[in-house]
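One chain, chain A, appears in both complexes that follow, with chain B as partner in the first and chain C in the second.
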Partner chain A sequence: MSDVLPEGISPSDFGDAVGELKHVVGANWVFVDAAHVHAYYDYFAMRDPALHAPSAAVAPRTVEEIQKILAVAQKYRIPVWTVSTGRNLAYGTAAPRKPGCIVLDLKRMKRILEVNEKHAYAVVEPGVNYFDLYNELQRRGSKLWIDCAAPGWGGVVGNLMDRGVGYTPYGEHFLSQCGMQVVLADGTVVDTALGSQPGSAAAHNYRYGRGPWVDGMFTMANFGVVTKLGIHLMPEPPGYRPYMITLPREEDIQPFTDLLQPLKLAMVIPNAAVTVELILEAAIKVSRAQYYTGKGPLPDSARRKMMSDLGIGQWNFYGALYGPEAVMDNNWKLIHDTFSQIKGARFYFEKDRGSEPSFMYRSKLMQGIPNLTEFSFLNWVPDGAHVGFSPMAAVDGKTALEQYRLVRDRAHEAGLDYLGEYIVGWRDMHHVFVPVFSRSDEDEKRRVYQVVTRLIREAAQQGYGEYRTHLDFMDEVAGTYDWNHGALAKLNQRLKDTLDPSGILSPGKSGIWPGGRQG
Partner chain B sequence: MISRRTFLRSSTLALSIPAGHGLVRKVLAAPGGGRIQAVADHSCSDCRLFYRSLPLPAARMDIAQADCLAEFSAAFDDGIDYLAGLTRNAEFVLLGQSAREHGYRLLYQGRHHYADGVLQHSIRADRDLAPALAASLAGGRHAWPRRLAAAVPRCTRARGPAHDAISSAVLQRPADSGGFLLSWVFARSDAV
Partner chain C sequence: MLGLLVLLTACSGKQEEGGKTTQQKTPAAAPKQAPAAQKTAVAQAPAKSGQELFNYWCLPCHGAGTGHAGTQELGRMRGKDKAVLLQRHDITAARVKHVVRTGFQMMPPFRYSEITAAQLDRIAAYVSSNGKESSE
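What follows is the complex of A and B.
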């Protein structure tokens, strides 16, 4: 039995609640023994894992079971923390924001309810991960592509609900969402948009229906439990050609990004491409110890040797061409001519680097083939773990350089390496800084926590907001969205208190607490 | 209807391991009964030596490069009793997370860290095993993976990672090593 209890709940009441949950889903699907509950902890915790320790987990199979679970939660006032697959190691894994929550694990809801080849969409339950959907399309001989996050074991629904990104032209996942079913805290089941019309014939073609469009309200929130989602899929293009461009100098990120912006806006580069900094690129293949064994950030001499040994740049851009050969040839000429303006830029195709781990996995991601290769960067330091600090930016060179320097300098001041990348969407960039730390080094974990805390504040002062964050920083990040005396937070609070007055759904998610009370 | 074991397995179905490194695996007969899925990183000479030196009879052997964690998920689904390996950190993280989700628990863990011309072994096991194994590995010098392999049967009987022991040997990092490896043994909860 786990030694963690929900706040204010007696062991006796907790035991009764667990008994009722077992009655709902069966004893096999309620996890209270320490070994199983431990699997829901934050494996990459920077601070004491007990801060986010669940008391138990329950794994329903159906919407009806979720309704009954929520009724038990209401009865005992025990909050649940909803996860689809709970696999995002950078942002807290499956652990709840508040200790003692019961994890509502939806991995068992794994049905792919529909694949519509003609209209290019799928409808999935929240337990479906990228491998599941990809494999099902392969099994069917489908000509549709998925778009997956770099950690391919992630959930299609969970990643989208956290507004995650992938790397194909459908890389902004929420833009591909179409149709949603949600269970509210009181058990009410809502189909959104066109799906709310009985017999709707286009619920997964047209995403808005009529009246207020509420789907976005349930993303990154704690207003309901999403149990079904429509997702648009990309028709397989007639041709695909991944490429890589290396840039020799740190400051090249500025002209490169400025040259990139019109090509992205016009969709000459249609996919969610990435501009990867040196160490993150190198760490897929080598460890820090192979280049430097001292303390503090990697020195320039080691960086230059790494660039030379691996044939990579200070920045490394991965994009892809899609379409008929003639279109790809034409677009490539434009792309090549554009970036050739940067002195020292080098251009590579699969024939040049196809056997390199980085190129291989990036190539897979840009055609929607899930894999886990990106985790190799955990080998950068002994016992490597990481967290994500992810401010948004316009696709603008000056911004890219300034934001990079801000984060790099703070990392270096804390004795940490900068590992990061810009994921370049249509009109925005997700700057993802992934400080790698050793799970066995308490001082290093403390420094990572401090540097991210500081960056949240300083980034906000410069107008950069995070799109997503780890459990530890949800309140801090929410606090930076404070225009007009926190009007947005107050609106979120009103929604929370109306839709979930008992506060049983994922308390603290995105800084939204029941009754405004922090747990 | 999905089974409990399949549910636990489902989260790891068809997961690719980090590419370009490759794991090798084989199933061994555990000394006290049961089966051990042994795993090693194929790209590293220390790991290959460990793998070659495993002393137990192979109930089934597959030295082809496995590039997919589905292989290991199948082992979980098949009710493999123990999972033992010498790998880099990333593989340990992925396999370990999967193992925990299957209800496996860690019996033994070793950290093998080359730094400044010294290889340090940090062993976490029960009180009887940890100091003896740490000393043995240090004494083995460059052949430490062979001694580690010889200890795998004993590690399956470890009572959990409750005691720490550290040893070291003057030893340079092999050129093909990132400088840090993890050895580990997980056991199915009802196997111990």
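What follows is the complex of A and C.
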């Protein structure tokens, strides 16, 4: 049996519920043995994994099975925690916020329901990952691109529902969403927007329908179980040229970002580009021990040697040109002239760095080719793991430098290296700090937990809110969105209590709890 | 590397598992279908052979050459001759199965909903035979 039971549920009732779930999906797809359930734990946990230990997992194949599973959950008042592919290692893997939940594992729902070449969209189930969709498009000889998160095993639906990002011009994933099917806690199946009209002929072309548009309400939330999603795909452009710009000084992030902002706003740089700090860039290829074996953050002497050895900068910008040759030539002249104003900036194309693993995988990501190369940065330390601290920022130089210094200084005070990047969208930047720690170093894990806790508070004091967070910090981050006596949290609460009065869906997701009670 | 990834083959609405076949049902409360002209259902079958499964699940991190996180780390830990899984002669099928289910270093465990027991048997046989055993 599993190590933990749902709160307030007797072993007898739990056994009965498991029996009913087996009747719904088959005995092979209900997991209660500890050996099976442990695969749902947070593998990169900073604290005791038991804090997020599920009691069981159930893996349905159909919408009908989900309806029946939710009926069992209602009957026994056992909450379920929904995951699609359960592969986001930085934010909790497949583990629930509250121990004892049964994981509703949608990985087996992996049908690509439609690919529409003419109108450039696909409709997928939650178990489809980026490799699957990419492979299917390749198999068809499609001229459509996907946009993928850096780990290609991420779920197309799950990442989008958590408002994740990629690296092509379609990098802001939720902007590409069009059409959604949701199962509510009472088993009602809802198609949203135009899809709610019988025989709709444009459900995946126009995303709003009429009346209130509710799709966004289901993202990063626990109001329903999404079982189908429409996603717009990018037509293959006539040309593609990835490039890299290196900057020699830490403070270059300020003028660089200010120069970048109008180019982003005008879409001269159309893709979700990245400005990567030195260590994260280097860690794709080298380990910390190759440069420093002492404790504490990497000293400046080691940083300088790493820059020299690898031919990289304190900051390393990756972008791409898309379009006909003449357009790319014209845009490149503007980009080159703009950033040449920064002393020491260097410019590279594929012919210069195409054999470097970092350039290789960034080049793939910016044209929507999934891969797993980015995980190489976990080799920075032995038995490496990481978490994400991800405050949002305007595309503004002063902000970029200040936010970097805040996070870097707190990391260094905790004896940790700063590894991070700015993912630069149209009008915003996702600042992603990814402290790497050794899974077997309890002291290091404690320091990472403490520094992220501190950063959430201090960032909020300066007006920076996180866009996403690990299970451990969902309540803390939600607590920083507290304007007008927590009016937004109260609205979320009213929605939760109305749509899921029994509180069976993903309790604690994004700090939203049944009846407002924390687990 | 990614060009070697398996292209999953299409099938028609039926799903696997361990010899068991289940037919997709239409939920009573499910909404209407999309117009026939636009609907192109593509059900994906799981990859079949040990090689196909390895290419899909393992190759992105354990391929030869640069850009593979698992190969990189194994090379540092065990030496360059132990970096590439398919070139090693010291990995048993039992070891492969244990690592896949429990994780190892940065590699997390894989769930039964991702890789079934039967599929893992084929992956383990493929790896432990240095890529020679790849029957369906």
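Note that in this section the second predicted complex is superposed on the first by the 519 of 519 C-alpha atoms of A that agree within 3 Å, B and C clash if a C-alpha of one lies under 4 Å from a C-alpha of the other, contacts with A are read in each partner's own complex, and residues count from 1 in each chain.
What we mean here is this: contacts are C-beta pairs under 8 Å (C-beta built on N, C-alpha and C of every residue); 3 or more make two chains touch, one makes a residue touch a chain.
In this text, all values refer to a predicted model and were calculated from it rather than measured experimentally.
*Asks:* Check chain A with both chain B and chain C modelled on it and let me know: fit or clash.
*Replies:* Once both complexes are aligned on chain A, chain B and chain C clash.
*Asks:* After superposition on the shared chain, which partner residues are touched by A:Glu325: those of chain B (first), chain C (second), both, or neither?
*Replies:* neither
*Asks:* Just chain B (first), just chain C (second), both, or neither: which does A:Leu372 touch?
*Replies:* Once the two structures are laid over each other on A, A:Leu372 reaches both partners.
*Asks:* May I ask you to decide whether A:Glu442 touches chain B, chain C, both, or neither, giving the answer as first, second, both or neither?
*Replies:* After superposing on A, A:Glu442 lies clear of both chain B and chain C.
*Asks:* Give one of first, second, both or neither to describe whether A:Ala203 is in contact with chain B, with chain C, with both, or with none.
*Replies:* Second partner only.
*Asks:* Once chain A of both complexes is superposed, is A:Thr293 in touch with chain B (first), chain C (second), both, or neither?
*Replies:* first
*Asks:* Which chain, chain B or chain C, ends up touching more residues of chain A in the combined arrangement?
*Replies:* Between chain B and chain C, C touches the greater number of residues in chain A.
*Asks:* For chain A, which residues belong to both interfaces, chain B and chain C?
*Replies:* The overlap between the chain B and chain C interfaces on chain A comprises residues 28-29, 35-36, 38-39, 43, 59, 61, 85, 89, 107-108, 110, 131-132, 135, 152-153, 287, 357, 360-361, 370-373, 375-376, 378-379, 382-385.
*Asks:* Where on chain A does chain C make contact in their complex?
*Replies:* 26, 28-29, 31, 35-36, 38-40, 43-44, 57, 59, 61-64, 67, 85-86, 89, 93-94, 105, 107-108, 110-116, 123, 128, 131-132, 135-136, 138-139, 152-153, 181, 187-191, 195-196, 198-201, 203-204, 287, 355, 357, 360-361, 364, 369-373, 375-376, 378-379, 382-385, 439
*Asks:* In their complex, what parts of chain A are in touch with chain B?
*Replies:* 28-29, 33, 35-36, 38-39, 43, 59, 61, 85, 87, 89, 107-108, 110, 127, 129, 131-132, 135, 152-153, 284-287, 289-290, 293, 356-357, 360-361, 370-373, 375-379, 381-385, 440
*Asks:* Under the stated contact criterion, what part of chain B meets chain A in this complex?
*Replies:* So the residues of chain B in touch with chain A come to 2, 4, 7, 10-21, 69, 88-90, 93-94, 97, 100-101, 103-105, 111, 113-116, 173, 178-180, 189.
*Asks:* Which of the residues in chain C end up touching chain A in this complex?
*Replies:* Interface residues on the chain C side: 1-2, 5-10, 15, 17-18, 20, 22, 24-32, 34-35, 38-44, 56, 60-61, 66-69, 72-73, 76-77, 101-103, 105-106, 108-114.
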